């Protein structure tokens, strides 16, 4: 094992410029809690080292600030996702279906889609097919069955992940969302549902973590 | 079993226009987390398919926006409830008593009442009869006993559901509310109380879910 | 309102012999935490007052003890349910489907069935149709659609209640079970799932409360 | 302020023989987690210092062990309560009503009664008057109204405390019990109910803490 | 038992004008969740029936609104407490010490003080004597020992209640506050501390419930 | 879409004999809560339909019972895992590293290994390389880097998953275990740790769910 | 033991001017929940008694208010930390490494640094060395090994504390932060991780409590 | 940095024989969840490498088994602590006071004492000085003030840690115990109390983790 330096030290941050080499993809930046100046300096240094940029949970006004210094930075408003692709990735062969239970789950799903795209995976959207009207899902079984991987994004009771899993051969990545009220406890209900799936082939990421789901799906697509 | 298409695909939403046929009532729309443009398009498409409109947890300013496109849309301010009845329902024979423990539970109760009314059931209000002054309830026993179904809406300790249940033959639907502070934990206390009722004949819906209580009551009234 | 005495005072218990008159059905006895002598005396006094007997969560060895004093007492082993019907009830017209997600949910389902039967309702069992293999449910859609009421019993992620609800016109009573491990937290996961159902027409009772579900279903069947 | 020594040092324990002087009553001993030899030595030393003995949550077989060394030690089996009154207390003038919701709450209620009695207060039992059959309570209103203090012991939903409070002038001490199952979460449900009482005049002690309720009631009776 | 009407029915509220007769003190009004018009109407009706006014958790701007209709209404800003004493109460003989652990607990303590005063009890303040500097408490032992009842208000770890209890003969009413951060979980930490007091003679009310503590203390002072 | 029958109806169970066709692998049987007679009948019917057997969380004595009827049934004692491979699977090309933090995590890891093996994947064990002595992990970096997929099994603080993820390109499946005490809350601590991993590429399954991890890993290896 | 007065009584506060003598350092002031006037008076009185000032969680605008009365008061914006050193402390010999997992943990780390400095300890910052890129930590092992004490500040999964502990001889003080989202539950996840560390030599303070960590580290450096 | 091998690979375990060199003390073995054969092999290998043995949470019967292979292994019954000191440590100069609130906390305290002793630190016991009779603590202030470090072990409300901290200059290590019932939630109450200490200078370890407290205290004594 050898740990050459492999990072840039800015004092407040140590940017992992070995990340792409070691892990296959550049370091992504989680934005909440960082000052906008810090974010700007981190982005610049990543770019200088030819790393792609991914900025998650990025507020629009912070994006506008960063845009001034990094004019090529793009932004997906629905997903609050900033990005800049430095090296064009080869398109992966398999597709990833990104499925939501409802319309309110779309921001999280779009974070997954944006992540997939910058990592070179192909996303197919299938939105609003929750269990309250299961025919919407059944009508789209071929979309599900053609996907190499399926991301299921659902809040409230989060039942969709188990159901989809029971219908296909592909692995399912379940993303609970904080959509709901009362006893949804900001996504806890959906999280527990997904962790307790009676259908094998389902794994789970953090509440509202579309990025994590997209990243993992990209690795296996 | 046959699943004909039975839905409108708007991309971001798949509107379940088979709902009325399959379930006896149109799809209701839970508003939080949806953009106002999405809500407008969903409403329009439902109307084109002769479905009634129910919009729950609808903020007033979003209502005002929707009103421009759908002038006949009505709004119950207390309940934050938008609605538009397309097909006049036959009035059901039995009545549903909607009972609250306190005055602060009224918004949730009104959501139940509004739901009952658009579904053709008859609601009778009995507000502010909590256990701190039980004579207010006892004085209204005949209202309770004449109801075919009773909805009990209560926050804080939520004790009213068990008490009412012990006095009547009718089924009780208990709605915990987030009214309270401290160890009420946003309705968790009332929810647990109602789930643990020592009096049989009580079922429970989510915290603040007046719509769900009204919907269920309508099915059995 | 008038509260005549309406109860037998045994000191350690005040038996509610007005229950059948007031609520339509005799007082049921929850057994845990009561001594076997107390249970015996309670049962005897109920019988003297021509009340049916329902004993829930009754351990087999306590049943054997009671059987000596009350030879006609019957016992459903799977449901741990003791009962003795004093007055023959008229069979109700509608049927109640009792549905389980898995085989391990059967004890709770049987508690519901036993309750339905002693209350004069007709139960139809549909066991092991969980979402991991949804064709088992879809193949039995007519059973579901012919039922006036449906009880759905499920542990782990508890997703079945929402799914069934989306397919039928009937009201759904959801019973979470403690079946599962790890993050099922003894039924909490299934409970939250059911409370957060995105499909209206679902109400919930306590974890493992087959009796409560059967009782409520009987009221509305 | 002066802190004379006021305790016996046994190494593993420092017995507070100043307790009766300072607080009006001897130190009570909570038994779980202490070895039987430790309990024996603590009791002996308390007796030598003319302190009354109260031993809470005392298992019967440990009692039998202690009885050998301390023949006058008495035991309340229902309450798992060991005691030995050294100084005869003057009977207090006011009575304390000890009320339970159900039969399974009796062990905790008896712990309160035993505590009241050794402290010189007069307890009046009123058992099994829970909200499922409220006429049992109403029929005994005079018992409640004659009491100077009321202890309400209830598990499951714990609704009885609020109800009783609403009917009387006296202060209510509410004791949640671990009686129940599922979402009662070993008494958490009843505890939250009682803490959130909408009726003023209710205070709460720990789950199953009959001793604490009896002790406090004795102070104010 | 007899329940004469004993309440005013305003539709949205049923005002308990029998409260003073039945319980010894007028109905207090918990303000959050009620509209200002509702509050005004409730107050007016209480006044017409010669009941004192207590308005808890009353926002200043709502107070200003009410003041226009009810010019004699007073307001304790620290406690967010509105009040109007209609009948002058006789001063009770015993005093109630209101003790806080820190300065940030004062608003809750003042709610207790305001409640005590309108109910005719005499409050003695002892603020900022938390366990981090126990000599501040020890120096004031005589204040504690002269009180007939002691209210202890504390957030964070809430340790003060047990400590005070161990030093005196009087009953202790413990009020956890939401003061703190992180693992204080909005008062849960202090609540649990107080419920688990190893020192008998301590009872607990809801988090931030200064009113409840004052009310109870008044009953026993 | 077409749902031919595809299941065997035993009344208490509906065996999903379409599972292998639809999902690529036979239905696995979760044993707790099922009677041994039910388990025997389910196994027989699966075998008649040429499905492999997987029995998770199977107690040894139940295994002995089943062994009488199904002599070829095998058992992994550490993992409490019964199995019988009917169709020989082709060995998959990539390997799966199964890594544990400590020795006490081995039973869960072995459940994953057993699952991998019956599904035709190749497992490489790397046990006891937790973060308290990170050189044990670093010395085995090549094992990690040669794996196509990595399963990380850890209790207590569960920190290992993030650490491993940061060192490799492969996807990580994290399995929290109930190993630990006190604030590990039966695996909750490790579960939360893994869900909050700051290192992308980590997904999570239920506490102690070695089977689920093995199953998912097999799908993507 | 002797408790001379040792405090200033302001009515709303009892300032512990004996603190420096008794504990070695002046009383620090936790600002939330105190009015700005109260804070000003407390500060003045502390200064009059030659105590250093430490004001934690101090909002900038409150600082500005205080600055008018106490012109020498300084402020660390990142840490929201007000301070004024009255007596110059002798620099301690050992250094304290303050380590963060990420950039968003810096405010809490700076609170620790500021505390260390005013207490005369020497802080060495090592920021952004979380487990997602462990080479950043390994490259700085000598910084860690030269420190007499190490403070580890981390949110999300909080894994860094265990890892650092496994590499060094020094004691580790772990500070969970509320940085994260979803199942981080405002720092609960990191808190549990740190409490369950499998590596001995780790102790924990409250979520976001940089002050507490700095204070403790100062005592032992 | 260099990671030579530094461990023994037994397959099921990788024994960290570099631990003493790297961290100053040998690896301790947490026993629950390990088979007795595994424990025996781990102990032997540690001994072969001249490491001291510490076995925590070791059941007596497992100890008896190990004793056969390792005759010099000693056992502290109260603490369930196995140990064997290979290298005699030099006695440290400062003492560590180990303080308990009650008698039932002694097993955890003894685990701390046993750990301190094998690590060469000097422990001074001060047991049963909880806040219910604070004079027992005050009488022993000199013991506290002479200690270089203080370990406070307490269950139930855990208030003792804050109180001790307020009286001394030394650092406090707080150990919550699972002693208590009801709302103590197996030590959660005491844990939260200690984390929220208003008195600086307190750090916390896991519930019942006497070993961790002793280990840390030894590092700083």
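We call the chains A, B, C, D, E, F, G and H, going by the order they appear; numbering starts again at 1 in every chain.
In the analysis below, contacts are C-beta pairs under 8 Å (C-beta built on N, C-alpha and C of every residue); 3 or more make two chains touch, one makes a residue touch a chain.
These numbers were taken from a predicted model, which means no experiment stands behind them.
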Looking at the contacts, which chains touch chain D and chain H alike? E
By how many degrees does chain B turn when fitted onto chain E using C-alpha atoms, rounded in steps of 5? 90
From the mean C-alpha coordinate of chain B to that of chain C, what's the distance rounded to whole Å? 26
Per the centroid of Cα atoms for each chain, what is the distance between chain A and chain H, given in Å? 43
Interchain centroid distance [CA atoms averaged], chain C/chain F, Å: 35
Residue list for chain D, restricted to those that touch at least two other chains: 1, 3, 30, 102, 132-134, 138-139, 166-167, 182-184, 188, 191, 195-198, 206-207
Kindly provide every pair of chains that touch. A-B, A-C, A-F, A-G, B-C, B-D, B-E, C-D, C-F, D-E, D-H, E-G, E-H, F-G, F-H, G-H
Which of the residues in chain D come into contact with chain H in the complex? 3-7, 11-14, 16, 18-19, 27, 30, 32-34, 38, 42, 57, 176, 178, 186-188, 191, 206-209
Residues of chain B that touch chain C when the two form their complex: 1, 22-24, 28, 30, 138-139, 141, 166-171, 173, 191, 195-198, 200-207, 211-212, 215-216, 219-220
Can you tell me which positions in chain G touch chain F when the two form their complex? 101-102, 130-134, 156-159, 162-163, 165-167, 180, 182-185, 188-190, 192-199
Using the touch rule from the top, collect the residues of chain C that touch chain F in their complex. 102-107, 125, 127-129, 132-136, 138-139, 179, 181-184
